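Chain IDs A, B and C follow the sequence of writing; residue 1 opens each chain.
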Amino acid sequence: MAQATSPPEVVRDATARRYSSDAAGLGRLRAGAFVAPAMVLIAVFLVFPALWVIYLGLTNYRLTGVEAAEPRVVGLDNFVKALSDPTFWNSTWLTVQFVLGSAVIGQVVLGFTIAWLLRDRRGPLKRIVEGLVILAWILPSAVVSFLWVALLDRDGGTLNTLLGIPGFAWLLDHPMLSIIVFNTWRGTAFSMMLYGAALGNVPPSHLESARLAGASGWQQLRDVVFPHIRGHILTNLLLISLWTFNDFTPFMLTAGGPDGKSEVLAVYVYNVALKGGQLGYGAAVSTVILLINLVVAVFYLRLLRSKK
Amino acid sequence: MGLRKRSMVAVLAVSSLGLAACGQSSGSGDTIELTIAQNAIAGGKNAAAADFIAKWVIPQFEAAEKAKGKDVKVKFVPSGVDDEQYKTKLSLDLKSGKGADVIDIDGIWAGEFAEAGYIKPLSDVVGADADKWDGWQQIPESVQGLATYNGKKYALPIGTDGRVLYFNKSLLQKAGLPADWQPKSWQEILDAGTKLKSSGVPVPIQINAGTAMGEATSMQGMLPLLAGAGGEVQKDGKWTGASQPLKDALGLYQKIYGGSGLGDPKLQQEAKGRDKSFQQFAEGKIGILMEGDYFWRGVVNPKDGIAKMADRDQNVGYAMIPAIEPGKGLRGQDFVSMSGGALRTVNPNSKHPKEAFELLTFTLSPDALKEETKNGNVRITPRTDVNKEILAGEPLLTFISEKVLPLTAYRPPVAVYPQVSAALQEATAAVVGGKTPDQAAAEYQTKLEGLVGGAGNIAS
Amino acid sequence: MTRFVLGRIGFYTLIAVLLAFFTIPLLWLASAPFTSDPTYEVKVPDFTWENFQAILEHPYALPSLFNSVLLAVGTALLVVLLAALAAYALSRVRLPGRDVLLYALLLLSSIITGTAAMVPIFQLAVELNLIDSQFGLILILTGGLLPAAIFMLKDFMDSTPKSYEESARVFGASPLQIVRHVVVPLVRPGLATIAVWAVANVWGNFLMPYLLLSDVEKQPAAVIMYTLYTEGGQANLQLLSTFGLLYSVPVVLMYLFVSKKYGFRFHGGIKR
């Protein structure tokens, strides 16, 4: 059974029972010692600055000017300002489209499809397809952004040449579609690898008996495969949603433009904090993003647990 | 807050596995170590400036100090990033008491840096030497203004520039316009555009608009037009709201981009729109284009421009930017322009402010400026005694220096300006996107009130 | 039979479309570096070496690649080591509050990668005297990547059987020995995957190295890539495309090496 790959919450009871006596005889003390070095680094370089960001969100701190020398605590002003700013809501809505379109639909569906198509294959075809998908994932974003500008460019872009429509301005007329397709291309590898591993855990005998019982492809997926990989789906959705939510790469394609039409929240924060120097406000928006991410995570956990 | 934060950090520092301390090296013995930082890097952005510092300034300065009996070592700290990123890094450094001894900043950051305490008046940092520098007499009052905030000098200006209308002479002649074209009103620009259009020029007029071009929209677009309509973004401490000059300037944008076909609205939205406008001008697709002297020096320069035009000297014309109508411009002028410029100053955290100031003035000595502007690398320096000589073979720069600079205007060097500028860019974007000038002006006024602390600070 | 044939045709069509989708964007990187005066247009290259010559003469390009390797390898080793230990302990022993802690850290790690965190991280680095130190940057980058690495590795660890550990324990092996000789071999592909993931993350990171390293001789390729512009901010495509290619080669080689040597999979080596 592959159930153990499920994230902790899902199998809490079963896990507790199974690990009541741990296999390697680690004991809580030594387990603590194993965890400690990581936790110290995380505490210093992650938790501490993250709490600092949350605190900055309560101030009017700026990169320059009087507020840089003497920042004041302004309470929830920044949050009120964000929540009453149509630009913020526009960015939030664009981010929802971006995450749903490129991560939840694009990467998950494409990643699963590739993993499914190649599940029983060996040899060069599988290696080439997987290699190319992974290449898109590991290339540095500065390089990748140039590749996509060259692909989608209005005048000499490869896509317009291939389609025979010179002058079509993808990044201007369809900025969200462009960055959604881009991010699907960019991130599919992770889902593909995760589902590839997950499908390896589905016992072939189960699939075989379902096939003999006359189940269609879709029925096999739903009744045999899905229950086995639910844990992987949860892990996958959690991570890629989180990463996509905070992904800044679209900035390098569209700079949030034209006129904010692709200004997802991560780009909004960049524009506010780095270009505008409004660090307090930017920190507050970051905190709001954190809260949205929290809600999304809880939603996934409930969804995939309740279907058990 | 500072103290508590510090002790918290100290606790964390102790608990974090005894981190190796890799501090910056400081001077040993009698050697004085100085650093000089610019947003320039060999082999990349502003490479010529980086090479000049590394290959001329540093050895010459070290030798000059040695002759005075001082052992000074200078190190160049290069950088090659977007201005915003350079500014961020510099701010963080200065806030933490770090940063190079001699630093370059954009003139428009002076106010916000001063208010944050990142830079201090030169007389406070280096003492009386600052005012005694003999170069001040050679720098015109208006250029000194770039480095002045609340009546105090915070830096030395290292140059200035000006904006003009460039045009493609052969395209204009084909459309029946003279090769020495000089419009006297906005209507004449539009008329020329119409003629260019009917003679088949794809993009008759390019005046930067929209948010993608950032400050280039303000400096080579909105602000010269505002000045041409008799307005100023800030006057006597009051900001200009939805006034008639603002509406006039936005109105010109509407006439160019609002369906007349005189300009290309898409180009204003593209992330690399300004680059493209350069390419298109070089390829003879744009008739008239508003730009700074950088365009002449760095873009269509037949030697090392980024959109080289082999026939620049014969085929690229330039004209002063006219007011909306003669005599209706800023201060009642017939023609207008906008200028900016970079500053160089001594880091208030410098351990050797006197020597740092010596290095600073050394880079702005006549010899250094002449050396820097050699080999076709000419720009308008802050010093009138040098400009005469080095601009002699440069018709455009002489034109700007003699005709444009006397009537130019500067941006208000106050902390909130960058945000106001962004709001102006958004107003132009709104007009290009189809809104009326009145709507865009009203939206600008609303944003402005939020930025400058209420309607009380806005001139009605 | 026809169904089978149709299925085959469908399969290969789909694969062809996928290959096209993933290959076409890469074409520019294959052509521009070998073209004189490259633009954004993909052209048949004239196979000039001029662009490479220019990069070789660039004072910071090649050293920056070395710095990237240093940062990426250092971070990846630290991430894998610390995450593996932590993930193993968390997988085998129920420490109080484990699940909530993991999710909380995962969420916090997202705030730290955002732009808003640059000031706290910069000032923290100043206080700890880690400015301009590659080692300090490695620690900071590691802290940001650890939660996700622990989260993923714990998943792999959970799926490996415990029977081997039990028998090793019967033979008197210490917990550290068990980890080294029993657990690590089982999850090696997972560790390799996390290492590649960490390298790819560090490899592309621009903002933190730029802010925390002042000395250009310590800066990684991601920072140098940003300098290949002119005064007006125009991309120097000749240098950018060529450097982009050189900048990509190490991660690709690393992936090929890792996938050949350890396998590149998201689970432990043995299935139950």
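One rule holds for everything that comes next: a contact is a pair of C-beta atoms (placed from the backbone, for glycine too) under 8 Å apart; a residue touches a chain by one contact, two chains touch by 3 or more.
Because the structure is a prediction, the values reported are computed rather than measured.
*Asks:* May I ask which two chains are joined by the most contacting C-beta pairs?
*Replies:* A-C
*Asks:* Could you find the chain whose CA centre sits the greatest distance from that of chain C?
*Replies:* B
*Asks:* CA centre of chain A versus CA centre of chain B: separation in Å?
*Replies:* From the centre of chain A to the centre of chain B is 39 Å.
*Asks:* Indicate the whole-number Å distance between the mean C-alpha point of chain A and the mean C-alpha point of chain C.
*Replies:* Using C-alpha averages as centres, the distance is 15 Å.
*Asks:* What are the residues of chain B that contact at least two other chains?
*Replies:* 12, 16, 85, 88, 272
*Asks:* Pull out every residue in chain A that's touching 2 or more other chains.
*Replies:* Residues 37, 41, 44, 48, 63, 149, 155, 274 of chain A each touch two or more of the other chains.
*Asks:* Spell out, as numbers or ranges, the residues of chain C touching 2 or more other chains.
*Replies:* Within chain C, the residues that touch at least two other chains are 118-119, 124, 139, 226, 235.
*Asks:* Which stretch or stretches of chain C touch chain A in the complex?
*Replies:* Going through chain C, the ones touching chain A are 11, 14-15, 18-19, 21-29, 32, 39-42, 82-83, 85-86, 88-90, 92-95, 98-99, 102-103, 105-121, 124, 139-140, 142-144, 146-148, 150-152, 154-156, 158-159, 162-163, 165-166, 168-169, 175, 178-179, 182-183, 193, 196, 199-200, 203-204, 206, 221-222, 225-226, 235, 240-241, 244, 247-248, 251-252, 255, 259, 264-267, 271-272.
*Asks:* For chain B, which residues count as touching chain A in their complex?
*Replies:* Listed in rising order, the residues of chain B that touch chain A are 8, 12, 15-17, 84-85, 87-88, 91, 95, 109, 111-113, 115-118, 210-212, 266, 269-272, 276, 415-416, 418-419, 422, 429, 433.
*Asks:* List the residues on chain B that touch chain C in their complex, please.
*Replies:* 6, 9-10, 12-13, 16, 19-24, 41-46, 77-82, 85, 88-89, 92-93, 96, 98, 272, 274-275, 278, 294, 298-299, 306
*Asks:* Which of the residues in chain A end up touching chain C in this complex?
*Replies:* 1-2, 4-9, 12, 15-16, 19-20, 22-28, 30-32, 34-35, 37-39, 41-42, 44-50, 52-54, 56-57, 61, 63, 113-114, 117, 125, 128-129, 131-144, 146-151, 153, 155-159, 161-162, 185, 193-194, 196-198, 200-201, 231, 235, 238-239, 242-243, 245-246, 248, 266, 269-270, 273-274, 279, 282-283, 285-287, 289-290, 293-294, 297
*Asks:* Could you please specify the touching residues of chain C with respect to chain B in the complex?
*Replies:* 57-61, 118-119, 122-124, 126-133, 135-136, 139, 207, 210-211, 214-216, 223-224, 226-236, 239
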